[in-house]
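Here it is: the structure, laid out below.
Lettered A, B and C in written order, each chain numbered from 1.
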Amino acid sequence: MSDSKKATIVVFSGDMDKVFAAFIIATGAAAAGMDTTMFFTFWGLNAIKKGKVTGQGLLGRMMGVMNRGGINRIGPSKFNFGGIGRWMFKKMMRDKGVTPLDELLQLAVDLDVNLLACKMSMDVMEIAKDDFIDEVEDVVGVATYMKHAAESEVTLFI
Amino acid sequence: MSDSKKATIVVFSGDMDKVFAAFIIATGAAAAGMDTTMFFTFWGLNAIKKGKVTGQGLLGRMMGVMNRGGINRIGPSKFNFGGIGRWMFKKMMRDKGVTPLDELLQLAVDLDVNLLACKMSMDVMEIAKDDFIDEVEDVVGVATYMKHAAESEVTLFI
Amino acid sequence: MSDSKKATIVVFSGDMDKVFAAFIIATGAAAAGMDTTMFFTFWGLNAIKKGKVTGQGLLGRMMGVMNRGGINRIGPSKFNFGGIGRWMFKKMMRDKGVTPLDELLQLAVDLDVNLLACKMSMDVMEIAKDDFIDEVEDVVGVATYMKHAAESEVTLFI
């Protein structure tokens, strides 16, 4: 596989299982020598939050509380049952020796996966650049995403 | 970016947030000079419905009532709480100066985004061409979608 | 359309409507002469299970019970209401002469769609190769998926 191939992944979902799939694919692409970009938007922003409650105004704050992020806090899209599902998935993954989500994130960073956050979603949800982990490289709009996607062999919306 | 690049987006979801993301990406692609097609199928058909209840037979009518569309009526995938979430998202977007969904749809039309509806889903859900807004250009099958997708740099399923 | 074009679809969802869309697109791609691969992972594995309860340990077994698969058993992402939705969708599809899911799966096999299962998800959920229908060709990792995707014109995550 040539180094010039590219993969660009929109991470829209904030569900643990989908974010996990996104990081597995992104690190797989980067490991195969592809130039890989993850564009986090909407609920996906939870995966790159530090985990503090975000938002200033009443609605932004409500959203921040209901939708508190941090890669170890997000739950699966099914069978969450108020957090039991998250615990169960984590335990099953650990038992099988699967790389946990926070280590996958670090692996993505180590493999030079480009982590971008969507400016418009941040504005709507009142999330600041400071609310993200330091590894997030840039806050960009849809035009920047489009530029990456148009040059990519692999484009996914997760 | 050359004008000959193409983007083809399947809009399967009828959730307000995902439909919003689909239109942001589609208008972003079109604004970047890409030849852009949106293929609406299943729940995504709600985004291009006029908003009347659809369906003839009992099951089709039940589906039409439970699943009433219209771009201003659809709710988000999370935190809807019987319509409060829709109001809250709309208010947050308006407060931040984000283009509302009905204007994004108009913008897509103005930018010559190709709006196609999936014939098979329409048949199953008993939706007629007349139930859609006039801007929907054509009712097509999967073969037409495939033809667009196979020529596209960017292919997404939302 | 040249025979050398490729489509690679990640089937992450196990919802009846999304799995249906995945098979419609995959068979559409194969019918158009494209070299087509479906990579089943997470909940998507339900679509290729024989339908027995899977799992050995307590957690794996719980997961197997809650998440019992088989292409005729999975329900839609919306309006399932404890199985009524599944019945209703099947009835609406049958009434309209739409190919049912199990026949679509057979059609995909007949059209030489490449059915792959994700090793990591199988390990986590304690699913064995034997739990799948015989048509599943191989159990692979993300590297194999990536190789297919990087050569594909159409890449989707469903």
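Just so we're on the same page, contacts are C-beta pairs under 8 Å (C-beta built on N, C-alpha and C of every residue); 3 or more make two chains touch, one makes a residue touch a chain.
Quick caveat: nothing in here was measured; it's all calculated off a predicted structure.
Enquirer: Using the definition of touching given at the top, classify the network of chains in this structure as line, ring, star, complete or other.
Expert: complete
Enquirer: Are the interface residues of chain A and chain B largely the same numbers on each copy, more than half shared, or largely different?
Expert: Under half shared, hence different.
Enquirer: Could you report, rounded to a multiple of 5°, the rotation needed to superpose chain A's C-alpha atoms on chain C?
Expert: 120
Enquirer: With centres defined as the mean C-alpha position, give me the chain A-chain B separation in Å.
Expert: Their C-alpha centroids are separated by 24 Å.
Enquirer: Counting only residues that touch at least 2 other chains, which ones in chain B make the list?
Expert: Where chain B meets two or more other chains at a single residue, that happens at 155-157.
Enquirer: Applying the document's contact rule, which stretches of chain B touch chain A when the two form their complex?
Expert: Residues of chain B touching chain A: 1, 5, 7, 17-18, 21, 24-25, 27-29, 31-32, 34, 78-79, 88-89, 91-93, 95-96, 98, 153-158.
Enquirer: Looking at the complex, which residues from chain A come into contact with chain B?
Expert: Chain A residues touching chain B: 10, 12, 41-43, 57, 59-60, 62-63, 66-67, 120, 123-125, 141-143, 145-147, 149-152, 155-157.
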